[in-house]
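Please find one structure pasted underneath; my questions will follow.
A, B, C and D are the chain letters, set down in written order, and residue numbers restart from 1 in every chain.
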Amino acid sequence: MAHHIDLVSEAEVTPDAAQPFAELGLKPDEYQRIREILERRPTSAELAMYSVMWSEHCSYKSSKVHLRSFGDKKPDTDVLLVGIGENAGVVDVGDGWAVTFKIESHNHPSYVEPYQGAATGIGGIVRDILSMGARPMAVMDPLRFGDPDHPDTRRVLTGVVSGIGGYGNCLGLPNIGGEVVFDPSYQGNPLVNALCVGAMRHEDIHLANATGVGNLVVLYGARTGGDGIGGVSVLASETFDEGGPAKRPSVQVGDPFMEKLLIECTLEVLHAGLVEGIQDLGGAGISCATSELASNGEGGMHVELDRVPLRDSSLTPEEILMSESQERMCAVVVPENIDAFLEICEKWDVTATVIGEVTDTGRLIITWHGEVIVDVPPRTVAHEGPVYNRPMQRPDWLDTLAANDPLVLPRPTDAQQVRDTWWVMAGSPNLASKVWVTSQYDRYVLGNTVLAQPEDSGMIRIDEESGLGVAISTDCNGRIAKLNPYIGAQHALAEAYRNVATTGATPLAVTNCLNFGSPEDPEVMWQFAQAVEGLADACLQLGIPVTGGNVSFYNQTGDVAIHPTPVVGVLGVIDDVQRRTPMSWKPGDSILLLGETRDDLAGSEWAHEVHRHLGGQPPTVDLEAERSLGRLLVWAGRDGVLSAAHDVSDGGLAQTLTDMAIRTGLGASVSIPDGADPFMLLWSETTARVVVSVDREHLAAFLAMCAEHGQMVTPLGRVASDATEPALVVERVYGGTVTLPLGELRAVSEATFPRLVR
Amino acid sequence: MARVVVDVTLKPEILDPQGRAVQGALGRLGLAGVTSVRQGKQFVIELEGTLDADRRASLDELAATLLSNPVIEDFTLTVEDAG
Amino acid sequence: MARVVVDVTLKPEILDPQGRAVQGALGRLGLAGVTSVRQGKQFVIELEGTLDADRRASLDELAATLLSNPVIEDFTLTVEDAG
Amino acid sequence: MTARIGVVTFPGSLDDGDAGRAVRIAGAESVSLWHGDADLKGVDAVVLPGGFSYGDYLRCGAIARFAPVMSVLIEAAREGMPVLGICNGFQILCESHLLPGALTRNDSLHFVCRDQRLRIESPSTAWTSQYVHGQEIVIPLKNGEGGYVADERTLDELEGDGRVVARYLEINPNGSRRNIAGICNEAGNVVGLMPHPEHAVEELTGPSTDGLGFFASVLSLLVSAGSV
């Protein structure tokens, strides 16, 4: 028996046919609204479309009311060429260049099948950037894993890292940074966020809209298979006989080579001027692409679904509409250009099929072998989904958490204990060298990578002639966000902002990936709202707009949610990448600490690693201090005054010095200034601090700049004059001296990951 | 000495980009009419001694967890020689 | 419809790091006495129509050049169904 | 007139732009060659760049070997045209039997990207004349299948004939036999190299500018041979 096709004509005469809307995740009132919109019951194809497009993932129904803050509090700036609402925001970086960047999550799939989950996460975000008309230039991967010693962590860590490498390396996109953080809160919910950045000339910006009646809708790329349609099988199961349809895949497999072809082919058709509108296919596949293209454009579209090339001939129309098969794109093409378009596709060996055309009917009409199975106003599918104002509740446990001050934790009190703590911290999974991870990623391809891990931000050259470039950093300390989500989001922004400025780039714009538990839990919803407000307020104050982002809810196991994890990415611009500030100090440099250190150990890496403690008041985020520090760093970098700079964040000053020393293999001798408590100076995580190194020739000029900026400066010591027997020597540590040979420090730092994955 | 062969194949519904690449190449190189290519892995395992029930059981277990990924792959285990 | 299986194995003198890694893992996971693991590839090729002499010859040729690299690999071709 | 050096683009080539840039920085003209065209456009030398020519799920370079451009390239190489295969290009040269041996999965089983120290073992090839014997250079290495293998007799022959062009120093990143990073054919015009000299031509983006010598070498050869 063939699959029964539910036609619009049939829906009109069988208003009472039972429909499995609940199994598809629709609430009774949502189902009712669909019936009101259509003035009849939906066909099963329509039901499939609405259910997936009105899902949390596609409709942002729980987050929308909050995300509006990013627009309402948008700073007054003219850098935004395309704002929130498109596939990715676009920023003007000068000289006619535009840059687009965005983060997305692929969390759950990466837990189920780490390699493929992470790989397809990269694939998805790259298509988002491509669909703006930009050439993808680099990727980054902020990652969160569970307890490093849990038996399942190794599976997820190794799979995710090789998946990101396997896909990104094969696409030829350098990986210029990311994060690797371990915390038991992510055990059953690892976070795999992926960022892509691309560049284009202003005139090459493309949008996802289907304009021009009579223009053709072309689907190109991979064939459509039964990927990611688990939910919709309820529509099929009732109508097949016992043989049933072929089994549907539980995991999507990425084909990076196909994606590489898709990139080259897409850029070629765009540059040849053959494309009116373009959209990538990600979540919700053809449902999303057709309804979004139509509702952003002329408002009508006619699609012949039976023309879609299939990988699995047993797919039903509902499944084809919802399939999330990877490596597909959709373009709107003027009929006169279609031959040229198809020719370029053929050159790249990319299957391309005209599946429909733009109409002025205001309706999205989809037929199956000539019969109408979908007839809907596209806006109602793509943009007018339900919006919830979900209940919010400040958690009671926050007060208990705040009262649990890290002041009670035993601290080192002599030089020997400081030395011991140093070793423990340097080898701790969150601070240890990430070379095991990053050596699996190609950071050289395309030849424009100016800075990559372990530098504070990734930096790429956009224009070979002028040296114009951009820097990006992503950050978030989920423990701080747990203590206070409003401050946590600002803390993440401040850190990313500082990282970008540290390398000499001027922060310009923001993207984010908001990873939270279930929005149906009022406490999680409160955390979410607080984080969004915090971020929006801080962006306004710093004058850098949010250009886009992504929300990932339901990261929880049972009723235990992950730490709220608002990952924030900041993009900065630098006129000439030659003038970047690296983190490698030079022989004989003076080492200076910029910024004031307070007792900020709540949420710190030290409290976590040494005491498994989380509690107290998170560090204050002083945005004015960040802004003024950032400006100083950019000016000093541009004037060539700084040898090196590296920000102080996780693991405090001790870790900053460790990183800088290991980076160059040059030791240093520093001494605890009068009046400072050695432990606090070394491991407190007060924000708005950076370590710089300055050579003799520029020291006076730099100190004058600091005075001009009102920047607090603390001289710490001096870089060794050569690399013989290099060591970090810290004097005046509770009356003693701590000597850390660099060879051992590096060995401790680099041994951790190989041990974790053994 | 015992000898066991474990064949691991992608589940039929899972996309096999490797197989598709080979299929494309076979066609370009002049072999017409290839409708499908699936690429799998084969492990040839040699053990000293004999394959008693215990070892057989642990091999079965390892084939299902270590040698194959049950989320996307199937396997068959063939004892060529029980030793 | 015809069905052909091509098994490709590394020549015995070529080091097989994947096989070695599997051997090590099998040991660590409690299967004692594994003396060797070799990992090979398997291609399951389906063709429409029948496998006549011409097609068989071109398959043999492609198995020896495309599907395997004679410098490091051996192959066997099995016709499971000549169609 | 300067030398014209072709850079082949397969659909999955990744470092073709970088190879072209390196050619230009060395002072030659870079000419794009397309895998599907059996046409070398009259170039004086060819670079086969890194990447994953046809996805390379099967075996790196296995499918590329059959590309139309390779049929003319193999012929030209046999007649003495300088050809440099980098990474995937090296794999393609081996698969095409222009160079002996094969490249296998890294013994670590991981893709590896690192700044690699090498020793130039033979300055008497078309692509290494600007180096001195024993010179140490640092250039990026990035591959998943870079372990060079060949039978003992072939390895001995390569060593005996001075056809090992470069060797890994400090660590062997991929399990190559005898630490081999690059080899050449008997005539010395065809060189295969696993690490990437084209990514070490600018201070700004590479670990050094040590890679420039490969491109400068072939350019000086072409100039002195009067072919340009």
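Here, a contact is a pair of C-beta atoms (placed from the backbone, for glycine too) under 8 Å apart; a residue touches a chain by one contact, two chains touch by 3 or more.
Remember, it's a predicted structure, so these values are computed and weren't measured experimentally.
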**Complete:** The pair out of C-D and B-D sharing more C-beta contacts is C-D
**Complete:** Per the C-alpha centroid definition, the whole-Å distance linking subunit C and subunit D comes out as 29
**Asked** CA centre of subunit A versus CA centre of subunit D: separation in Å?
**Response** 36
**Prompt:** Which whole number of Å gives the spacing of the CA centres of subunit B and subunit C?
**Reply:** 10
**Complete:** Touching two or more other chains in subunit C are residues 66-67
**Message:** Where in subunit A do residues touch at least two different other chains?
**Reply:** 255, 257-258, 349
**Request:** Mind pulling the residue numbers of subunit D that touch at least two other chains?
**Result:** 54-55, 57-58, 63, 66
**Prompt:** Linking chains that touch, what shape results: line, ring, star, complete or other?
**Reply:** other
**Message:** Residue numbers of subunit B touching subunit A in their complex, please.
**Reply:** 11-17, 20-21, 24, 69, 71-72
**Message:** Using the touch definition from the top, list the residues of subunit A that touch subunit D in their complex.
**Reply:** 162, 165-166, 169-172, 255-258, 260-261, 264, 347-349, 438-450, 461, 464, 577-578
**Complete:** Given the complex, residues on subunit D that touch subunit B span 54-55, 57-58, 63, 66
**Item:** subunit C contact footprint on subunit B (complex, rising order)
**Value:** 1, 7, 9, 19, 22, 25-26, 29-31, 33-49, 55, 58-59, 62, 66-67
**Request:** State the interface residues of subunit B toward subunit D in the complex, per the touch definition above.
**Result:** 17-18, 21-22, 25, 28-29, 39
